[in-house]
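Think of it as A, B, C and D in the order they're written, each chain with its own count starting at 1.
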Amino acid sequence: MTATGTTGKNWGRWGDDDERGALNLITPEAVLGAARACKTGKVYSLSLPIQREGVPIFDYRGAPQRLSLTTNSDNDRFQMFGAPAGLGANEDVLVLASHSITHMDALSHVFSENTMYNGFSADTFQTNAGASRLDVTKTGSFAGRGVLLDLPRHQGVDWLAPGQVIDSQQLAECADAQGTEVRSGDILLVRTGWLDLYASGETEALQPGLGKDAVRFIDEHDVSVVGADNGAIESIPFDDNEFLCVHVELLVNRGVTLLEHLYLAELAADGCHEFLLSVGGLKVTGAAGSPINPIAIG
Amino acid sequence: MTATGTTGKNWGRWGDDDERGALNLITPEAVLGAARACKTGKVYSLSLPIQREGVPIFDYRGAPQRLSLTTNSDNDRFQMFGAPAGLGANEDVLVLASHSITHMDALSHVFSENTMYNGFSADTFQTNAGASRLDVTKTGSFAGRGVLLDLPRHQGVDWLAPGQVIDSQQLAECADAQGTEVRSGDILLVRTGWLDLYASGETEALQPGLGKDAVRFIDEHDVSVVGADNGAIESIPFDDNEFLCVHVELLVNRGVTLLEHLYLAELAADGCHEFLLSVGGLKVTGAAGSPINPIAIG
Amino acid sequence: MTATGTTGKNWGRWGDDDERGALNLITPEAVLGAARACKTGKVYSLSLPIQREGVPIFDYRGAPQRLSLTTNSDNDRFQMFGAPAGLGANEDVLVLASHSITHMDALSHVFSENTMYNGFSADTFQTNAGASRLDVTKTGSFAGRGVLLDLPRHQGVDWLAPGQVIDSQQLAECADAQGTEVRSGDILLVRTGWLDLYASGETEALQPGLGKDAVRFIDEHDVSVVGADNGAIESIPFDDNEFLCVHVELLVNRGVTLLEHLYLAELAADGCHEFLLSVGGLKVTGAAGSPINPIAIG
Amino acid sequence: MTATGTTGKNWGRWGDDDERGALNLITPEAVLGAARACKTGKVYSLSLPIQREGVPIFDYRGAPQRLSLTTNSDNDRFQMFGAPAGLGANEDVLVLASHSITHMDALSHVFSENTMYNGFSADTFQTNAGASRLDVTKTGSFAGRGVLLDLPRHQGVDWLAPGQVIDSQQLAECADAQGTEVRSGDILLVRTGWLDLYASGETEALQPGLGKDAVRFIDEHDVSVVGADNGAIESIPFDDNEFLCVHVELLVNRGVTLLEHLYLAELAADGCHEFLLSVGGLKVTGAAGSPINPIAIG
């Protein structure tokens, strides 16, 4: 038992060298089942746009920049290759934080007691090389059965109150009310409504999110991945003011991959609570995370 | 009829304001069919790693850089938020071309006669704002039925010869031999073996790829997307030495999205020629492309 | 005569191919004279620090980023070269706008009627290659006699009023009161006090600065370079609300290099109004400007 | 005495909190003397151009990138501010290593036994904040008397042999032959001819440069700064194969600022061996170095 009253750590559960964590819970059979359970074939993008303004960005990460590498002004370049006038290519260079806007946390993202998931030392993340263990190439590619718990809809509000701490009971009641069964290996997405609050132009400093008690629900259902529409899965301020406490429980102790700032409004509007979810993060060697554009099929 | 002898342009086919091109050919029914046709539930990542060395990079695009934004050296920062010693987060900043390594071309990528797909002027791509039309947010999110034509396997070689021009007949014969039906709206992936040639350390300047005649096969089957394991879908040198001629036919004239430098070896090794393919490109407002990590389910 | 009532353009004055503009006015004799006229040998840096916060930054340029390339975490790298434990190097990568904070405008910075200084077409600046004419390598390296006109001191205020338009008479009166002779080829620095206003935390949107009439003073004294402590040399809002009107007169019509956001407080505090000034901008091929750290010797 | 037989460390020499090192040796009187000793008033730029190709770049630092931020394609932006058609501004974004091409090493650049100049711990350089001690803002702005020792000219060769280790005797003999007096606080520039070797297109892996014995010459003359035209001041391979041994002696033990890849050919061609040198590095808070464009006045 951990301090949170949950069953605790997954270290060693999939071997001492494991770098994939709870993604090991997703079996080909489960993926196959999720694919065959699709009902509408409608395709959903769960990513916000990546741009300098109008989307939630933590200052220290910097606003993402798209810069032009080539445009139709570069005639000379194209004509060097024999292109006739008016023929050429537009290209860009991107400068952006790995944890920009809609993104995934790799298992190397958080360390506690200078240790990451499965006991790997925080020192295995070096400034130049980045993560030699648990980088995003290990966990950035997966698909599985996704379930959405739409808390605001269940609670009859536009969004949960800023700073509200979500516990296991709220998750369980929402799942029951929706008739959504949460299974081992599922990708659990929690809608708090915070992105709608953000879009309304109101305060963005405080955010509703999971508290430590919610980890019990995650343990009981043995999910592989947790995602949400807020900035950190967990509430801000942190539950009991413990810095990154839910990150520590999920990423570090359990190896549960996290997906943040997911755009869940369209799934919610359609009442689509079960779907096939595919996530292809950028496979950046050494990175602790990646911007993502998860694709759900209803 | 165009100069290539194919049926020609899709401009106006889906309306004068259309920015999605041949992706309009993918229906929810087709997606549903592809999902339900999955056989193994095995998940494939079709992306190479993103790193500075050991992967194919055009010099002018620059080698992608992962730089550390925060590491466990930044105790002071974390402790400002009340973190105990040893608790913190690793994060990165990425600097990379939108067309780095495994990537997609948005429909604004190529212009001919200063015009892009559906007649939008090349001038709608501005240096600062990027594409106001046909940016990657319009085409970066899709799923559909993927088919793989494994040309080296069919032809009994490790890879097609560098510079070899692939025509419609070769594609048709390969499909027939594999027993792979290519349907309207399919995502057509062509394996040339070039990445294996690259990995062998041999010459990388010349590449096998589609020629102009291959566009006929694409027209006949009305596919939505074309992908390949080489750098430009088309052969290098270009067919008849016409700069970007297949890009012009597919991207500009037909609005067919292109996926380049796909990692197809694992699908090929498994003989997996039909699959559900999900692509979630970075939704960078104004960008002419995006690095991608397509997820196939067998 | 131009619309401003000044004598007008310097196009052709130093030849049709000239890319150095009014810097041609600085003679070795003038430099020698300025060097020999130094009185104290005190060295002044006229640059603000380059950092993400606490300095004036236009949003669209992005806050400058310093990222770590190597640190003492990278033992493995250093030991590959035979370094003992504890020996290594810290390095950085910088991402910053060429016109960040204290910077110089190259003569390719502004175009009017699609034309830059000396008649070069704005089309000679291409997205990929940047400026093939008038880039910062042409004007980024110079030294000369610098003079400071300290307007707030002369007018007995902390700073000129935000938005105040400075004219030739104010410049002439200040020079007279200071006993500062302004000579042909001089580097003219104008202190408005705006950086002190900025530092006070008050409004930063409006800025005092040169108006079109001030160009007459510059013509009469035939200076080579104009610098100021505000963001654009000229007032904001622009004189008569004409976008970049003083830039057009100085950069485009006269080839006068501009230095912006200079830190002039220390020179002013010492009453140092004449000095040797050396400017070494980054010699970035194709760039329209550069961050600078001008060095004055009193 | 250190292992090199030199007089050793300057730690504490200018106080326990000193972050300026041997730059303390430059007095206003010395600057004044150097200014007044100028003979020609000719201005020299000692920087190579900053560009992706054709200049020496260590791979791990990445080639510097100039990207366009705005160009004349961005009419819409400019017209939002009331600009008429054809009026606007070109701007750039730069992505470059702090130690790109011609650059300075700040005193935080190298650590030995996890310690930097004056005893500051290597841990004071953090990934996110960079150097809290000895960053380039402390040493990036100076001027003084510069002297050039032109070794190839003295030795009657185009360039010193790749890998050649320069000792104190060679420096002393060159100074004597030139009639150049080296004084306390001087900025000592050593020409090895390596940049000419590089420009010739021949091997660039091995470089001539200072060896450990040369530190004796630097101690005897108590210079403030050492610069050279090669990549690391010291020879490559390192003297006695000791990684960064001259950096340790100069930067760490003595607090002597280093200037690398200086363009010295023009000074050498003019036989200009004494001059006023002004260096204004980018004042990037936290950085361990900066690209520079030193300005010499003959």
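Please note the rule applied: contacts are C-beta pairs under 8 Å (C-beta built on N, C-alpha and C of every residue); 3 or more make two chains touch, one makes a residue touch a chain.
Note that the structure is a prediction, hence the values are computed from the model and not measured.
J.: Tell me which chains count as touching both subunit B and subunit C.
T.: A, D
J.: Residue numbers at the subunit C-subunit D interface: does the shared fraction exceed half, giving same, or fall under half, giving different?
T.: same
J.: What whole-Å value do you get for the distance between subunit A and subunit C if each is reduced to the mean of its CA atoms?
T.: Result: the chain centres lie 45 Å from each other.
J.: Centre to centre, by mean C-alpha position, how many angstrom separate subunit C and subunit D?
T.: 24
J.: Residues of subunit C that contact two or more other chains, please.
T.: 60, 62, 65, 68-71, 73, 93, 95, 123, 125-128
J.: Any idea which subunit D residues touch subunit A in the complex?
T.: Listed in rising order, the residues are 60, 65, 67-69, 71, 73, 93, 95, 127-128.
J.: Using the touch definition from the top, list the residues of subunit A that touch subunit C in their complex.
T.: So the residues of subunit A touching subunit C come out as 52, 59, 62-63, 65, 68-71, 73-77, 95, 123, 125-129.
J.: Within their complex, state which residues of subunit D touch subunit C.
T.: Interface residues on the subunit D side: 26-33, 35-36, 38-43, 45, 47-51, 60-62, 64, 66, 68-73, 78, 81-84, 86-99, 108-115, 122-123, 125-128, 130-131, 137, 140-143, 241-244, 247-248, 276, 278-289, 291-295, 297.
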